[in-house]
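Shared between the two complexes below is chain A, which has chain B as its partner in the first and chain C in the second.
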Partner chain A sequence: MVYSKTVPWLLVMPTLIFLAVFIGYPLYSAFALAFSGDTSAFETFKELFHSAMFWRALKYTLLLAVVIIPIQLTLAIALALLVNSKFKGYTFLLYIISIPLALSDVTAGLMSYTIFAPMGYLNKVLLNFGWIEHPIYFFGFMYHTREFWVIVLTEIWRATPLVFVIILAGLQSINKEYLEAADIFGFTRAQKLFKIILPLLKPSIMSALLMRTLFAFQIFGVVWMLAGRDIPVLAGETYYQYVQLNNPKMASAYGVIIAVITLVISIVYNFTLRAKHLEGGR
Partner chain B sequence: MIKKILFWFVVIMVAVWFLTPVVMIVIAAFTPANEYYNPHKIFPSHLTFDHIYKLLFVLGGWKATLTSIEVALTAIALSFLIGLPAGYAMTRYFFPGKNILRIGILMTRSIPLIVIAVPLIVIYMQIGLADTVMGVALAHTAMILPFVVLITSSIFSGVSVEYEEAGMVFGLSRFQSFIRITLPLALPGLAASAIFSFIMSWNEVFVASILTLTNRTLPAHILNTAMTSPDYFKFAAGTIMAIPAMIFIFFTRRYLITMWGISLK
Partner chain C sequence: MKKLLVILLAVLTVMSFAKVYFASTQMVPAEERAFLLSELSKFTKESGIKVELLSMSYSDILARVEAEQKTGKVKVGLIGHLQGGLYLMASKGFLQDLSDVSFPGRTFLLEKYAYVNGKKIFIPWLQATYVMVVNKEAFKYLPKGLTKEDVINGTEKWTYDALYEWAKNLYNKTGRPLLGFPMGPGGLWHRFLHGYIYPSFTGAQAIKFDSVRAVEMWEYMKKLMVYVHPSSSTWDKMDEPLMRGEVWIAWDHTARIKQAIVNMPEKFVVVPVPRGPMGRGYIIVLVGLAVPNNAPNKEEIIKLIDYLTSPEVQVDILKNVGFFPVVKEASGAIPEGALKVLAKGVINQSATKDGIVAFIPNLGPKGGEFTGTYREAFRRIVMEGEDPTKVVKELGEKIRKMYKETGSSLPEPDAHLY
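Entry: the complex of A and B
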């Protein structure tokens, strides 16, 4: 590496300027828009906090996160252990698991719709086996509990691979010698998992959790495709406020809420992560 | 023996779980409408290109696909043009403020695009970028750029400095030596990250649908028309969006874990 004070900054400058103009300034404008009222700066937020839809959106966003994330994490760890056992043909399974990584949330929503639509494959199969007389309806406001669970299932299908990839990378970086030592001491499989692998995976698990929690507050495509506003979520309301109601102030207020939640979560996670690292160092 | 059977059963179930929705949507996209609405027919008796054809050439899907490609290519070109020098600087130079810079770039990744979409369209309306391909491409560049800086810096650090220095010993300038030695060696990795960037842009829906009205990218177009179209068009749309992404992922599968590792940091 070469030491230089000016050259690297010149090379980095275009990136910094671009990010300042296209992320920094709009971020500032989001706050400026949300806090611009005719009578008081908090006008928009007053309205927001008084609307039932905001609280429903917040409730459903949190509910989806709380239901989905633990399932995803458990599945991802199990899948990573499976793939990391390096059986014959594991690369093929690795490719299959990573397919959802390439797909957008809109596509994932549509795929799930293929199965759960009134004339979808689930209903067709059940009808043909004579297990049901009429198609089961999964969509529509009347059935919004079912919609909720279809969204949960779709998100588990779509985003578990994201968690899986991080956990797998963590697993691969574990020093084999620890496990060999454990074998010598006669550890059982369960002991190896709970006493060695999981503790060493902690940093990967934490960063996967952070990433998933942040993304959970941006959940949009799957919900919008499958349930529209039957299951309101924060990002969906942002979209609705701007596109349907043409209300950029309210849309920005929703955006600011998402940004603040994101910030708080990152800080909390960073804090706990740091603390854990320090403990490990002692 | 039983253990072995059980193991392979689990492996096959995992593969089936991840593959089924993909296979089903492709079959559904090619199923004739009357057979799709016939509850007693699970698999179609023959396949049809009707839905895909209509979606592309009657319902504006082709134009949206072209817009998507244009947006993605512009965003890739811009982000590599801007990000490559930064990536190089991050790995080859040691300079004051480097760590803060790295953390700063990482942090921009955790700012949700959803937050900046609405103010961006307000700004765009003032400067005439609203509803343009360029406008979306610039927003996508902002999304891809931090990733490009981090990934190129990791790719360049994989190319030994010594090759570059050897070139300089033989009289090349640092720039020449970068163009003629480092860049060709880094090319496969760079190509993979370009493909990865393409998919990020191809899949992005929220910003694209806020920023445009008539020049919509494919996912934005589908998001705004799917609700009101018959089921088989939804399946055709899903298939058209899924296939390029899956092909690209297939070609870059060797780099997949590393790249997601970096993009998710």
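Entry: the complex of A and C
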């Protein structure tokens, strides 16, 4: 009896120890560091909230998430529907879409830089054709808006495949009988999409949205490579505070803010996007 | 007899495993660290002395040495750190007096800066500075009254106003901004602000932060920025923008422009920085080798210092990392080519009669906040257009508070003025 009670714990123990040592302890240390101050526990946060750079970083992080995620989700669903239609040559399209999955965010940023730099591919083509006389500048402290849209473009290209893969898997798990029944009842394509496919795809959409939103709040590599601190983001400021300014307390405070935001979003998503099962319902 | 032989063997075995823990804040980036490790392994092969390299940040090294000194368990035997940081450690009584350490036939440059209150706290190891690099094409667009020789030799005509006119000329004639600075988050732009342009305009790095001359300097920076390449705010190093031809005039640390000179020595010339109303402010980065109190294996440590300051290793360091020798005997061993181009520019800068030598201040854990303050001033005044008088007054208070809280001594040239 005792044996059957302890065995499950013994089996999960290695995972629990791993999590405790490599996730739990660093998490606890980061929180402890963020809340340690010479005069009070909230000293670091007071300084953080008074810093103009924090509010700029929060603004740009939210702005990037709000702009990128809807575009990515729409694009991923459209591409998944296209690939799922299994037209001739769809596997080739699948491979092309999946290429960015193999790239890190830093690589994607560097590739973008080589395209949009003053001496990059885009400017060279435009100059060679005589369409412009001087290079168009996309990066630098005078070109925030252009930097922002290049970052959006790069992130859409880099991270949409991740959402696409999850949506495609969800699409392929939809029972074809529903669609056959819809055909019999004379549903149009739009009706099939909005009445059958999208509701059944809700669990996949929720997983993809949740995962993509959590990653969006940790956006760093692409922004850092393309815009440095011209477009400050929360994760970038965390890095800057720790590595450049040797301020681990402030860096931990930024980390805590990112953790709290992502926790709140997970809870909101869970409540608002929870899908009800069509059969046997809950 | 047998017993004696066994004891001798045991002693030799222990000696052959003698280990020196070498904590260094320099040569931390991956390529530089790999180079230093290879030099140290050559030393181990020659001497049989093992060296463990501990790469550290500026705040970590102070914390580590302090902890070891307070507990009495000293493991780190040799410290390689900036002169300002070593002054701070010496002020806390952590370092040994190395006055009795000498190496026959070796003349150390800048040795006078190694003494604090009559005590020699370090042996000079490396020096570096920040220079301007000019693509020779840019000389075709010099403004009136400025010649190529003025720029190369750092005459009184090579001023910040002349730099402004030159950058403006380049922009108007080519249609492109061709002056660049490493303003990226990992760039050393803050060194330009506190160690170059501030002393050139105000005569000091920190104590005149909010002076009238400082406000004039910031007005100058605002007008100069119109002709600075906009991507400067994303660049951490200037070698690649120079090699790509994106900029024709750049300022950066010698180690960070070295690749451009090495790859294209015929294309570039290294020149002194311009002068301002008060003189030609420039930083000498002096790195020293210091020994903490009660460090174990002192004899082995001295052998390591001897190796690291030998002319051959000094020239190897110049070739691989871009730090310059501190040993006179090494300058004769610099090979012709790119390194001589680099060395000539550095020598010309230090030979200028109006030079204001600045040392990097060391405020221990507040060091990052100090450099961040200069960047904040730049961002608020130049990028965001805030009133310079208001910003320098606010941030000047912050800098004075940092010095009061840390008790750090003022760096040159401020110490001289104060």
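Going forward, the second predicted complex is superposed on the first by the 268 of 282 C-alpha atoms of A that agree within 3 Å, B and C clash if a C-alpha of one lies under 4 Å from a C-alpha of the other, contacts with A are read in each partner's own complex, and residues count from 1 in each chain.
As a convention for this text, a contact is a pair of C-beta atoms (placed from the backbone, for glycine too) under 8 Å apart; a residue touches a chain by one contact, two chains touch by 3 or more.
The structure presented is a predicted model; accordingly, all values stated were derived computationally and were not measured.
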item: Partner chain in contact with A:A117 - chain B first, chain C second, else both or neither; value: both
item: Which of chain B and chain C A:F139 touches, first, second, both or neither; value: second
item: Touched partner set for A:G37, first chain B, second chain C, both or neither; value: neither
item: A:R229 touches, of chain B and chain C: first, second, both or neither?; value: second
item: Contacts of A:L214 with chain B and chain C, given as first, second, both or neither; value: first
item: Touching partner for A:P203 - first (chain B), second (chain C), both, neither; value: neither
item: Which partner reaches more residues of chain A (counting touched residues only), chain B or chain C; value: B
item: Partner chain(s) touched by A:L245 [first = chain B, second = chain C, both, neither]; value: second
item: Intersection of chain A interface sets (partners chain B, chain C); value: 117, 119, 135, 224, 228
item: Contacting residues of chain A [partner chain B, same complex]; value: 1-5, 7-9, 11-12, 14-15, 18-19, 22-23, 25-27, 29-30, 32-33, 79, 82, 87, 93-108, 110-115, 117, 119, 121, 123-125, 127-128, 135, 157, 161-162, 165-166, 168-169, 207, 211, 214, 217-218, 220-221, 224-225, 228, 235, 238-239, 242-243, 248, 251-252, 255-256, 258-259, 262, 266
item: Chain A residues within the chain C interface of the complex; value: 117-119, 133-135, 137, 139-143, 224, 226-230, 236, 240, 244-247
item: In the complex, chain C residues that touch chain A; value: 57-59, 175-176, 183-186, 229-234, 244-246, 365, 367-369, 371-372, 383
item: Residue ranges of chain B in contact with chain A within the complex; value: 7, 10-11, 14-15, 17-22, 24-25, 28, 36-37, 39-42, 82-83, 85-86, 88-90, 92-98, 101, 105, 108, 110-123, 138-139, 141-142, 145-146, 149, 161, 199, 202-206, 209-210, 219, 222-223, 226-227, 231, 234-235, 237-238, 241-242, 245-246, 248-250, 253, 256-257, 260-261, 264-265
